[in-house]
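Some structures are shown below for you to check.
Look for chain A in each of the two complexes below; its partner is chain B in the first and chain C in the second.
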Partner chain A sequence: MSDKPRKFKGGVHPNDSKALSATKPIQEAPLLESYKVIMHQNIGGPPELVVKKGDTVKKGDLLAKASGFVSVPLHAPTSGTIKAIDKCAGPTGIHVPAIEITADGEDEWGEAFAPIADWKNTDPATLKQRVWDAGIVGMGGAGFPCHVKLSPPEGKTIDTLILNGAECEPYLTADHRIMLEQAEEVVLGAAILARILGLKTAIIGIENNKPDAIAKLNEVAGKYNVRVQGLPVNYPQGAEKQLIYAITGREVSPGKLPMDVHCVVQNVASAAAVAGAVIKGRPSIERITTVTGKPVVQPGNWKFRIGTPISKALELVGGVSEQPAKLLLGGPMMGIAQNSLDVTVMKNTSGILLISADEVSFYTSEPCIRCGRCVECCPMSILPATISQAVENKRFDWAEELNVMNCIECGSCSYVCPSHRPLNQHFKRAKIEIQAQLRKKK
Partner chain B sequence: MSDTENTPTIQMPDPAKLIVSNSPHIHSGQNIPKIMFTVVAALMPACIAAVLFFGLAAIEVLLLCTVSCVVIEEGWNKLVKRHPTWKDGSAIITGILLGMNLNAGTPWWVCILGGFLAIILGKQLYGGLGYNPFNPVLVARVGLLIGFPEIMTTWDKPELGLMKIDAMTAATPLGLAPGETFFSDVLLGNIGGCLGETSAIALLIGGVILLAFKLIKWEVPLAFLGSVFVITGIAHVVSPETVHSPFIHIFTGGLLLGAFFMATDMVTSPMTRKGALIFGLGCGVITSVIRLWGSYPEGVSFAILFMNALTPLIDRATIKKPFGYIAPAKGEAA
Partner chain C sequence: MIAAIVSVGVLGALLGVIIGVVAKAFAVEVDERIEGVGDLLPGANCGGCGYAGCADFAKAVVGETATPDQCPVCSAEDISNIAGYLGIVAEEKEKMVAVVRCSGNASNTVRSLYNGVRDCRSAVLVAGGAKGCDYGCLGFGSCADACPFGAIEIRDALAIVHPELCVGCENCVAVCPKNLIVMVPASVDVHVYCNSPEKGAAKRKVCKTACIACRKCVKASGEEDHMLVDGFLVKTNYDNPPPTDLVEASACPTTALRLASKHAAGGYEGVSK
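Our next item is the complex of A and B:
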């Protein structure tokens, strides 16, 4: 395979603002008095509760078990008692079921998994089961169960494992710090994942704006037969399909999965979690998250237990110096805006980002002047301007014809639009309408 | 609590004041006025050249057109109860370009009528900025050309200097027999024609500004100028007595103005790169055909208007292949 990555068509170059937190080492958040663990942290079925109010649990004990194949178990972030099983503010603005644990302060591990030190001679199926049991999900943002990606259906062969260390979202530096400080774990995780898939090697893709991470990983990569690949800095380089294209030159067709081009993509944080689960027997109860933004007093990278409320996270960084305009979970391009500080850190919370008032403007959407900037930057090569007009006229059939379902919601089109048209919003709406119609037909 | 006295109070965000909106949460900062006023800046060299060659009369025409376009647009906005739109700069561009399409001696009422045609007939009747299928300036120019052929085709003889009392008239070089025009005159602008048709150098500077700021697609001027050059070049070789050299063709008439400033109008030209290439090519072919065999000496306006009409079709025909798209195999149609 050639060492030269391909450049995908389109993309944008927003100011990356990563300097705020890129040099800040990961700090471990102190133990809290209570945690509110959101039940449903993965794409697919929510897990089934196995504890009840009043139960005492140890750190790492099972709180809920997987309800099906596309579902992952949930574990206790610390030892203590189950105070309540109630609803709490969720990241999408709806209140969702959550388990509240009052910590006993001992932070004592329960019956943890047995470490598998000799992973090289362990059956891949056992390793995969461990990944599932540890409740590992795609930590890049989507939260897709890790083990599902490791289980290609019959007839689909996998020949490439890619680790996503692109971290193309502005502001976020969590993956960057993980690759720097936990390079060994990342590479080890990659090697374990490769073994599960029956592969000899894995490729870690990193944007070239993180040369220190590339150098650090290269130091240890050889030991496990893992290759580190620098990638051009271009948002959305970390989008799965763009990443696969950059590294292998293969294009994932609309409606298809990476498996269809013989690839599996896992986030670097997920790989580190896999290493922890296999070598140390640790379930996925921690998340390294960037807490940043111009209003933040001391931006930094923190290791939080899942279930840590955002308000506590913000206290650790010294609060804010001014009232922010927006609070986001994730990066500024694809993150979800929050209106509550009670939302808690989940397995896929890559960033807690505060956007200052001067970064936000109120726009009235103006008519499209057909400048074509959105067409140029669209990494999926669709026509955002035309689709947006179709949506405005409620012509969802036309939007579908124009391949709106191809949209990865990266937001590049909205970012460049001089008329401030809500393009991304239009596409999300069109997708929902089209899916609703599909369900009606069935 | 006692320990709060020792530790400084931490300011926390007020959740009630947090804005919730769809992603993305940052913007490139690009907006319509920025685009439009950069185009205005790109037009300035040509405006200055026009004033140098045609004197105060040029300023009069340019100002009159610009002011009337803005006033008419605002009048219409008032009438249909819309927000003022002059700040977006589009009416100003329309005005300047309209002035560029008229000649220095144009009577004041023709300027105002042109402004009316451009803004109302060319733009607002379709719904305003972004919705007009045809280039508003060319709608006005062709309207005036049909209504007042005499006024529209009598050009002042250019003369360096601001004060001119008795204007002489001159023909556009394209109306003259080959060999009567000097290339240096053409390049600098010492030739008859509309205000914006004179100085090739000034127009090229403007074109470079537009390209540098990525406000136009390079495919349009390249295909437009290239095809005119090739077609007139072949005709010149075949019949040097009746056809001007391709260099004269490129640098005279409204071709440079049209290729850089009018055919590239975002609203009325295709959005895709491939479409832009087809669009420019079509403009060039039609312009050459009208120039060589038509009854008008100039055909840029008609060519662009014709291609404007084809823009939706071109856009539809040049839809990009979506990422990862595989054409369905034959006989496997869904």
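Our next item is the complex of A and C:
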């Protein structure tokens, strides 16, 4: 393994707009009167409710327990009473079950987990169980349960743990601030994750546009035998497969997982959460999120409890200076557009981004001019132009033959397309239709 | 010259004889009734019967693995003609039509701006479809595209079925990402054009023509259970369908209760408060 990172094929260089919030320290959001905690915050099975209306809960108490292996428990963001178990606007635009908690203002911890100070001599299985019990999910955006990635199936050996601090998504600076302000926790989390996987070391990959974070982590990394690796600035450097290639030179084959090339990738925020869960016994009830965009009066990085409504979050940052045209959860490349301010902060909400009217363009999609720019920039080496034509003609079988399932939905092709074709949306649609077909066959 | 004519002539005659013999010896017997039934079928190849097309269905009918009444397009008369041709007794079948259970057109519902692919199944991937109501018709016409008979019209961003054109092939049912389309007996004209199970107040916030389960229609039908209450939604009881004058009698405050024929003709536009 060489120390020089490789450059993956393709990628784009959007204006990163990180300067809006990169220098703003993380601020803790004040306690709200009520929180609406969305039940299903992870990929996999939704957790099972263990509280009912009228129950009193303390901060960190269990609200819902894991319903299976690929499922994580959910904890109360503050102390108070369960006001209702109702529906709340969800991040995908559909109303989803949520637990509404009226805060009592005490913000008192309940029976938290016992801290495991001596993690170096603790059984890896106990540590892994703690990660699961604390309800930690991949905080990069997808929300995949953390403990599942730490449990490679029989016969798969893991030799490399990579921490993803690339944060290639424009506008977002939450991970950047975490690495700067919680460097110790990130590195400690990395060491704990390495112990769970039976490894001696871990590598933290960071894009070279964050030299201060690289320097800061380097200060503490040596203590825990963790290595910090600067990476070329290229979107989507933070995509799992691209990150593995840049650091190890291994390519994950289509349809395969990082563990097939003996790698596990975790986000730096997840690592910090793991350190908190093990050392302090804290469940995952907070989320450091970037609130940013041109219309935001004071863009910044905030520590929100899960269940904080976006409308409240926007009040905290001083409101908006002009009517925003678009609201995204996540960054501009992969974030999901919202049509309601009632959506609440979840464990995987990395950013709240507002776009002003003069930044949004309403294009009409034109026919493909076969310029091939999308093919050049596609980091997965598929043919976006051809696939989109297959999808427009509802030939999902054809799209499948053209390997649409390899698409990581990074949006690079839509970004460069001079005809403004909605390529990414076509691929999302195709993937869903193909998966539905597969389920039917079973 | 002559040799060429003779040799080609002989060769032609010889091959002709071989083809004749082979055609007789290896002939595949085709039941001529298949063609007969095929001529009596509509020839729309809609697939509503579950077979690959009309010819495939004709084969199945003659082979007695299907009955003529499985064709959703054929009228009762067409079916009895086919049955008569084959000398079998056809069962009476009820004609079914599709209903899109939503009345929230662009002027009745809250919507956000959407600039993506004009197709319901793609639109639903972006914030659930840019409509305030999670359950409502998106109006990009995936069902209209799927209808081989032109029976679905998109008017003011709402899919409306023309019952007189609908043959009941069910092609539209599976494509709706909101599962709004159901098949109902064509003889019933009274339907509830709402499919949202949310509470009344929540529905009204996003849609002027939602069913708020006020039960006026239930009361108007008196002792008869023409209308069934299902949570915060009322549904037509298709086993005991209401008479058409129930719509008038119940004076639905949101006009969610409608006559399919009047709905298709645009009779409810602009009436909601």
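Here, the second predicted complex is superposed on the first by the 442 of 442 C-alpha atoms of A that agree within 3 Å, B and C clash if a C-alpha of one lies under 4 Å from a C-alpha of the other, contacts with A are read in each partner's own complex, and residues count from 1 in each chain.
Definition applied: a contact is a pair of C-beta atoms (placed from the backbone, for glycine too) under 8 Å apart; a residue touches a chain by one contact, two chains touch by 3 or more.
Remember, it's a predicted structure, so these values are computed and weren't measured experimentally.
Peer 1: Examine A:Cys368 and indicate which partner it touches, taking first as chain B and second as chain C; both and neither are also allowed.
Peer 2: After superposing on A, A:Cys368 lies in contact with chain B but is clear of chain C.
Peer 1: Using the touch definition from the top, say if A:Lys200 reaches chain B (first), chain C (second), both or neither.
Peer 2: Neither chain B nor chain C is touched by A:Lys200.
Peer 1: Thinking of the overlay built on chain A, is A:Lys53 touched by chain B (first), by chain C (second), by both, or by neither?
Peer 2: A:Lys53 sits against neither chain B nor chain C.
Peer 1: Applying the document's definition of touch, where does A:Lys280 land relative to chain B and chain C: first, second, both, or neither?
Peer 2: Touch status of A:Lys280: no partner.
Peer 1: After lining up the shared chain so the two structures overlap, which partner does A:Lys223 touch, if you call chain B first and chain C second: first, second, both or neither?
Peer 2: In the superposed model, A:Lys223 contacts neither chain B nor chain C.
Peer 1: Once the shared chain is lined up, is A:His95 touching chain B (first), chain C (second), both, or neither of them?
Peer 2: second
Peer 1: Which of the two partners, first being chain B and second being chain C, lies in contact with A:Lys120: first, second, both, or neither?
Peer 2: neither
Peer 1: I'd like to know which partner A:Asn339 touches here: chain B for first, chain C for second, both or neither.
Peer 2: both
Peer 1: Just to be sure I read the superposition right, which of the two partners does A:Ile432 touch: chain B = first, chain C = second, or both, or neither?
Peer 2: In the superposition, A:Ile432 touches chain C alone.
Peer 1: Quick check on the output: what are the common chain A residues between the chain B footprint and the chain C footprint?
Peer 2: On chain A, the overlap between the chain B and chain C contacts is residues 93, 336-339, 363, 422, 425, 428.
Peer 1: What residues of chain A sit close enough to touch chain C in their complex?
Peer 2: Spelled out, the residues of chain A in touch with chain C are 87, 92-95, 336-339, 362-363, 365, 422, 425-426, 428-429, 432-433.
Peer 1: Contact residues on chain C for chain A in the complex?
Peer 2: Its residues touching chain A are 112-113, 115-117, 119, 121-122, 125-130, 132, 134, 198.
Peer 1: Could you please specify the touching residues of chain B with respect to chain A in the complex?
Peer 2: Answer in residue numbers: 10-28, 30-32, 34-35, 88, 127-131, 217, 266-269, 271-272, 315, 319-326.
Peer 1: Where on chain A does chain B make contact in their complex?
Peer 2: The contact residues of chain A facing chain B are 8-9, 12, 14, 93, 170, 241, 245, 251-254, 256, 295, 297, 311, 314-315, 318-328, 332-341, 354-355, 359-361, 363, 366-373, 375, 379-383, 385-386, 402-403, 406, 409, 411-412, 414-420, 422, 424-425, 428.
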